[in-house]
Each structure stands twice: as C-alpha cells, then as structure tokens.
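Structure first, commentary second.
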Amino acid sequence: MIDKRIDSLIDAVADIFDGATVMIGGFGEAGSPIELIHALIDQGAKNLTVVNNNTGSGHVGLAALIENGQVCKMICSYPRTVSSKVFPELYRSGKIELELVPQGTLAERIRAGGAGIPAFYTATSVNTPLAEGKEQRTFDGRDYVMEYGLKADFSLIKCERADRYGNLTYNKTARNFAPIMATAAATTIVQTGYLVEVGAIDPEVVVTPGIFVDRVITIAEPAQESKLVAEGRIYPCR
Amino acid sequence: MIDKRIDSLIDAVADIFDGATVMIGGFGEAGSPIELIHALIDQGAKNLTVVNNNTGSGHVGLAALIENGQVCKMICSYPRTVSSKVFPELYRSGKIELELVPQGTLAERIRAGGAGIPAFYTATSVNTPLAEGKEQRTFDGRDYVMEYGLKADFSLIKCERADRYGNLTYNKTARNFAPIMATAAATTIVQTGYLVEVGAIDPEVVVTPGIFVDRVITIAEPAQESKLVAEGRIYPCR
Amino acid sequence: MSIVNRQDFGWNREAMAKRAALDIPDGSYVNLGIGIPELVAQFVPEGREVIYHTENGLLGMGPAPAEGEIDPELINAGKKAVTVIPGGSYFHHADSFTMIRGQHIDVCVLGAMQVSEQGDLANWSTGDPDAIPAVGGAMDLVAGVKTIYVITQHCTKTGEPKLVESCSYPLTGKAVVSRIYSDLAVIDVTPGGFEVVELAPRVSFNYVQKRTGCKLLAGQQLADAAK
Amino acid sequence: MSIVNRQDFGWNREAMAKRAALDIPDGSYVNLGIGIPELVAQFVPEGREVIYHTENGLLGMGPAPAEGEIDPELINAGKKAVTVIPGGSYFHHADSFTMIRGQHIDVCVLGAMQVSEQGDLANWSTGDPDAIPAVGGAMDLVAGVKTIYVITQHCTKTGEPKLVESCSYPLTGKAVVSRIYSDLAVIDVTPGGFEVVELAPRVSFNYVQKRTGCKLLAGQQLADAAK
C-alpha cells in the first residue's frame, strides 16, 4: 500500500544529514513550510546548502535556520530582506556563502534538475557580472550562458491539500517554487493544511502528482511568518 | 478589451502562410484539433513543416493535410500508423521529409522553444542512430546530446473549456502536447468545446493561461477522428 | 522446434507477464510498454499497490473500460482506451517526460527485438531502409527509468535468437536492460554477461543456451534449485 | 536646485506613472517593477484592458485588497498583498518565467539606478563590496520581455545624473531599455543616443540636458510642439 503520511515532524525530517542540499519552498512567507523548517532546527543538521528565493524574515523560519548556524551556503535570487539582518551579518563576516542566481534562472535550474536536464542555455545575465565565469554561446545571433540543472537531497514544501499518494494542490501564490522543488529532490517532504481521501482531488487539477512526493505531514494551522515577525518571536525560544 | 474569440474557421487559420511551421496538438486522435486542420486544408497553405507526435489516421485530419500535399516536412516521434498509408507512401517516394525525434525530446524541445531556452542537454538517444550528427557532452560522467528548442509560427490545439482571455482547460489525456505547443508558437489558435465567461475557470485550475493564446473558436461538437476513419471518410470529400 | 506439448513447456504470454509482475515492488511507479508488457498490470500480486504511468499524460492508469464507457480522450501510449484510478492525475507531455527523464519512474517493462549481453536494447527499428522509422518514447524510457525489464519471446518467429552478443539492429539504448523475461527463462544482465536465474517449466539450461546468441551463465538460484 | 515651485515643475511620482500608462497598449500583458512602476496600473486609460503579471506566479493581478481581506498567500513580487481579477491564473515559478524568458510578456516597467545611452540598464547593485547582492527577477525580465520601459527620477538624491554615457554600476542587461519616463522628460533610446520626445511641464530641454550625463537629441515631437 502506498501511504506517504507521516505523523510527527521529528520523523518527517529525521534523515536530513549534515552537508545535505535542501530546497525550501516559498517566496517570502507565501508557501514557506515554517513548521518543517522549525523541525529541521530542532533536528540540528549542519553545513546545509539551502535553496530558496530569499533568506527569511525576523528570527523565525528560514532566518532562524540560518541564525542557528546550520546553513553554510545559500543559493538564492534575493537575499536582502527589510525585516532580517541575520543573513547580511553572517555574509559580511564571511560565515555563510552565497550563490546569487537570477530568479528565473533559479526556477529553470530547479526544473531542469527535476527533469533530467543537466544543463541549458539562457540569455538571462549575459553581459552582467553574474555571467562571469559561465560558458557563453551564440545561437541564432544572440548570446546565451550555460546554466546547470540543480538537484537536492531534500525538498521541504508546503501545500494546501494532499492525499496519501502525495498528490498536491496549492493555495494562490504560495505555489511558487514548490512544484518544481518537489521534482528536483531525492526526498520531498510536504506539510499540508488538509489531508484528503485518495480520489478527492480531481485528476485534472492535481498540481504535483504523487510520484514526486515522499512524505506528507498535516499541519492544520500553520504559523504565519509575518505575524511571528511582527510579534518579535524568536525560534527556538531562548 | 481583450477578446480572442473568433467566429469562423476560415478566419481562424486565414494567415497561415506557405512555408510556415505549424505545431498541431494531439496524441493520435486525443486532442487533435480536427476542425482546425480541415480548415487549414480548405485554406490551402503549402510547404508546411508540421510538428505532431504522429502522422494521422485514415484520410481525415492530419493524414488528410499530408495527403493533400501541403506538408513538406514532419517533425514527429512515431510516424507509423496502422490505419494510414498516407505518410509512408509519400515518405518512401521521397515526397515528404521526416525529422524523427524521441517523444520526450520532442516535448522538451517544444517546451524549451516556448520558454526562451535555445538548447539543452538530454541523455535520450545517446549511443543510438538518432544521436548521429548531434553535439555530445559529458556531465558528471554521463553522456548527453544537445537538442535545440523548437518554435512554430502557428499552433493549432484543441481544449475543453476556454474564456475570451484565452484561459484553457483540457479533457483527460487530450491535454498531451497542447499546453507546451501553446507556448511555443507566435500565434496559437484554439478550438474549444465550451466557451465560458471570464471568471468561470478557477484561477487555480487554469492549465494554459491566456497569455499563450491568440484565437479561440468554439466547436461545440467536434468530429471524432476514429469514427470518421471507421466510416471510411475522406477529407475533403471528393 | 520443440516436440513436447507447448502447454506444458515454457511460459506463454500471460505467464511471462505474471512472472515479471512478481518483481514489481509494492509502491512502485511503473511504465508498461505496448504488447505483452501491458499484461503485467493484471498480475500484480495481492497486497501490492502499483501506480501506472502512461507517457501521454496520465499517472494512475486503470484497466480498460467497459464497452460502453470508452472515452476517446482517455487513452494510453498504445492509443488504447483506459481508465483512471482514484488518485490519478493528468499532465502535459513535458511534465510527463519530466517523470521519465528525471528518473522518477521506478520500473519500465518493454518489448525487445534484440538484447545484448551488455544490456543494450534494440526495440525500435530493424534498420531496413524501406521501413518507416518510428521511435515514440522508447529512447526516453530507457535513458530515464531506473530499472528496465524486457519481456520477449526468446527467439524471433524464424527462430533467430533475440539475446545476442551484440545487437545488429539500431540501438534504443546502451547498457540499459536489467532483466529479461522470455518464454524460456528469467535472465539477468550481469557484468559477466547473461545469467539465467530461473527456468520456465520443463525447460533446461541447455535448451535455452542453444537458442541464445551468446554464452549464458547459470545463476546461483539455478544451482540451489537443482539441489 | 530649481527655484520654481516644485508643484508646477516637472512630474511627480504619480504623473510619471500616468505618463507611462499612456504608452501601454490595450490588451497588453504587463509586468510592473517594485516602486513607482507599481503605480502605473492605477492610470491605465479608460477603455483599455491590461493584464498584469507578477513573477511569483500570478497572471491577472488586481489592486491591493481591502484591509480585512488580506491573504498572506496572495502577494506580488514585492511581497505586498494583492488580489486576483476574474480570468486570472496561478502557476509555478518555472511556468512564470516561461512567460518572461519566452518573450510572452509585452511590456515591463522597471526602476533604474542608471541607464546608458545605448539602453544599458543598471538597477540591481551599486557594486559596493559591502552591499548584499540581490537581483531577483530583474535580469530575467530585461532579457525576456519585448519592451522595457524605465521610470526613474532624472537624478539621484545627491544630484548625480542617472542617464549616462555608460553605466558605472554593474549591468542588469545590455541595450534593453526602450524608453525612460523621468520627472523631467520622456526620453527614447535611439541608435543615435537619448532622444527627448516630451518635456514635463515648465521643463526646458536645456534644463534636462544639464542634468543628463551625455548629449541629448531633441525629438521631432519637441520641434513640432515648439511650432
């Protein structure tokens, strides 16, 4: 029987190992799997390479994971946040590495990783400092850089509805990177707001087919990152 | 105002020019825009390069377009059909060119064309005759061939529901190539079973956003290709 | 060629499919090729849940529909009418081949024209210049799916061996096949060559060897069975 | 620097956005950058239907929601709460950048730190080694969108020209900007360099020239207006 449900957050992230590459869904707080991230903080894996569009807010979620010293490298497009100094301070003091990737290139690299495409060409970043050191090539008179597919050991994502097969649907713009990250990781771990019966999701509207999903944990009332930040919350509580 | 509806099949395909590259949706008869294809036969454009997974059945639809001498080249993965000798006969007599592409490579080349990716690497076809003449490259110890993105002047596709913005949903496995072909053509022409009000399609379940669509014509009761073939129908009637 | 009653000898199409089905693990995502491989779905052992993928855009393919319930827009890669199971999903071709090329499908069972002892597969073209070349998704499947099984008659209709030292037909993929289910035996592709791991009823190792185009190894299982 | 009443002189933020909105054709698919560009949506002339794209996965972005109707999972690229119009659609990031990279978006309006007379844009980094580099979707937008407009103050807060012979800041893209809407003028990027096509109220060509880092051309429109 195929049953990807898992009961505890501890079990959900238990095998994330030191040095793993972890993709984390979300664009800002929308789609951020904050309970899974906090479970990863509790679990304590170190030297992680994290792929996310941003670097988190305040002292919760992704920012807290970074602040806790578990992340040695960020791969992202926009590491600046008004509401967090965590990444900037570590970055300036040389304690965290940054691979800055244009947002669309980041998305396409993740999709390529999931689709078995080792590399592709894009015009994005040509003639800019971000093209330095990259292979360039001309097709039909236009210049392109070669970019590599990106894979992960784990993806942590958040969805709206899931069934035990791991079929997923999302809520509005919280979808963002989750469907492609689900395809690019050896193990995809999902927190869902609702767990529904197999068959409850119309086959026409499944966004992530279960084949891409390994574990599903139900978090019926996820914390809202911006609220925690506004309240000045810190994770873990100290 | 954005209104992509068009009233007549003649107008829908009027500007398809001699020598155009035309992608045609469908996998076998599922998703084949048969009324649009017949309109293209009536219209008469010649020297077309057609992209489709197959080469049609019997003497209707795509097979009829080929039989009518309008196609100089097919780009497809599986040009053999039990129920049609049209393509094989023209091919053997050297009257039509064939670019044989593995099905997944064909799909990815179309997606790449639509996504602004001029080329990518895939392991598919390595060490086979279909890799001959293709650039090869090794990534992480595995060999890959370089494949080019594929674009078209026109895409003809069939969907289930559409609104005047061109938002589309599909029916079951009739979806197949249509969503990616819609992205890869300068002009995408759609025949829909149902025309619905703007707002009637939930934003969460739109499969093809309207940005990829140029014209929508309602064909409430499309012909079923396999029925026409079983009845021995020929298009155009002679 | 054989003088014994065929019913007691070797495996028929269903038996080959049934034997292959035994090797599909519970919870697998599986793509079945056209022909005998399609039959595998009927023989998955009780208690196992297997999800079938068809490359034309469906995960969760069910059996053929009842006569009156055929939908020409719900078909498999062989263009036959199928059904969808609860928990299935539809997607477009690029997403479907993301599953294949991205190594998300666990097992693919294919037919073969030839398999070499290195696991090379030829199943798309005889190389006959007069034939219409047609490849479909076969090259994508062998390049992307983690485990490739082959179900095939051991010999061609004219008695030529299909398991050979090196394929004479154009390849579908190089070193891709793990295991072969023929009407005569189950044969693994190993670093040392073909290894017979199981013989069909009343079939001897020598009988299989005579109908194979290269040297066969006898697996440990055969030795154990002989004890 | 100016001694006239600022209210009568030049364009303020809203006026720049309003002027840019005049150039957005009916039926366009438009991506608006963070800051002044966001205001453009408020000024699309009556009778035109424009669809807004936000790169975080929404086509058909509507205005900000009422206070009580904020959904933290419905935001724009600037991470501000937005709404969705009837006929909108959600999609994932790779599909969203298919729209951008694949040249499906008609117009993108961005802010700028510098624009060169060849249309080079610098809007993501001062190159300061102490700054945290952050690029977001800017490089994808300038590489992929058919028409790039810039809305910007003509000079920096310290009075330095932003329209220059050649950008000193790291580029976002080379030869990508078509037109600039500043507080002083509408300026086209032409093969001959910057061409002033319209002056803001009470602003003279010479006044703009003095605040620009390279030579300006006077467009035919200016000559016509002077007649």
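Chains: A, B, C and D, in written order; residue numbering restarts at 1 for each.
Following the convention adopted for this analysis, contacts are C-beta pairs under 8 Å (C-beta built on N, C-alpha and C of every residue); 3 or more make two chains touch, one makes a residue touch a chain.
This structure is a prediction, so every number in the text was calculated from the model and none was measured.
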- A correct list of chains touching both chain A and chain C reads B
- Farthest chain relative to chain D (centres taken as mean CA coordinates): C
- Quick note, more Cb pairs in contact for B-D or A-D? It is A-D
- Message: What's the distance between the Cα centroids of chain B and chain D, rounded to whole Å?
- Response: 37
- Message: Can you compute the centre-to-centre distance for chain C and chain D, using the mean CA position of each chain? Integer Å is fine.
- Response: 58
- Expressed in whole Å, how far the mean CA point of chain A lies from that of chain D is 30
- Which positions in chain D touch two or more other chains at once? 58, 84, 90-91, 94, 97, 100-101, 143-144
- Message: Can you list every residue of chain A that touches 2 or more other chains, as numbers and ranges?
- Response: 108, 111, 115-117, 122-123, 170, 172, 203-204
- Message: Which label fits the chain touch graph of this model best, line, ring, star, complete or other?
- Response: other
- Note on the structure: Listing every touching pair of chains gives A-B, A-C, A-D, B-C, B-D
- Given the complex with chain A, which residues does chain D contribute to the contact? 54-58, 71-76, 79, 84, 90-94, 96-97, 100-101, 125, 130, 132-140, 143-144, 170-174
- Message: So in the complex, the part of chain A that touches chain C is made up of which residues?
- Response: 1-2, 111, 113-117, 163, 165, 167, 183, 198-199, 201, 203-204, 206, 209-212
- Message: Show me the residue ranges of chain A that touch chain D in the complex, using the header's touch definition.
- Response: 27-31, 77-80, 87-88, 91-92, 98, 100, 102-108, 110-111, 122-130, 170-180, 207, 224-226
- Note on the structure: Interface with chain A, chain B side, in the complex: residues 108, 112, 115-123, 137, 139-140, 142, 144, 148, 169-170, 172, 203-205
- Query: Can you list the chain C residues touching chain A in their complex?
  - Reply: 26-27, 29, 47, 49, 51, 53, 58-60, 84, 86-91, 94, 97-105, 143-144
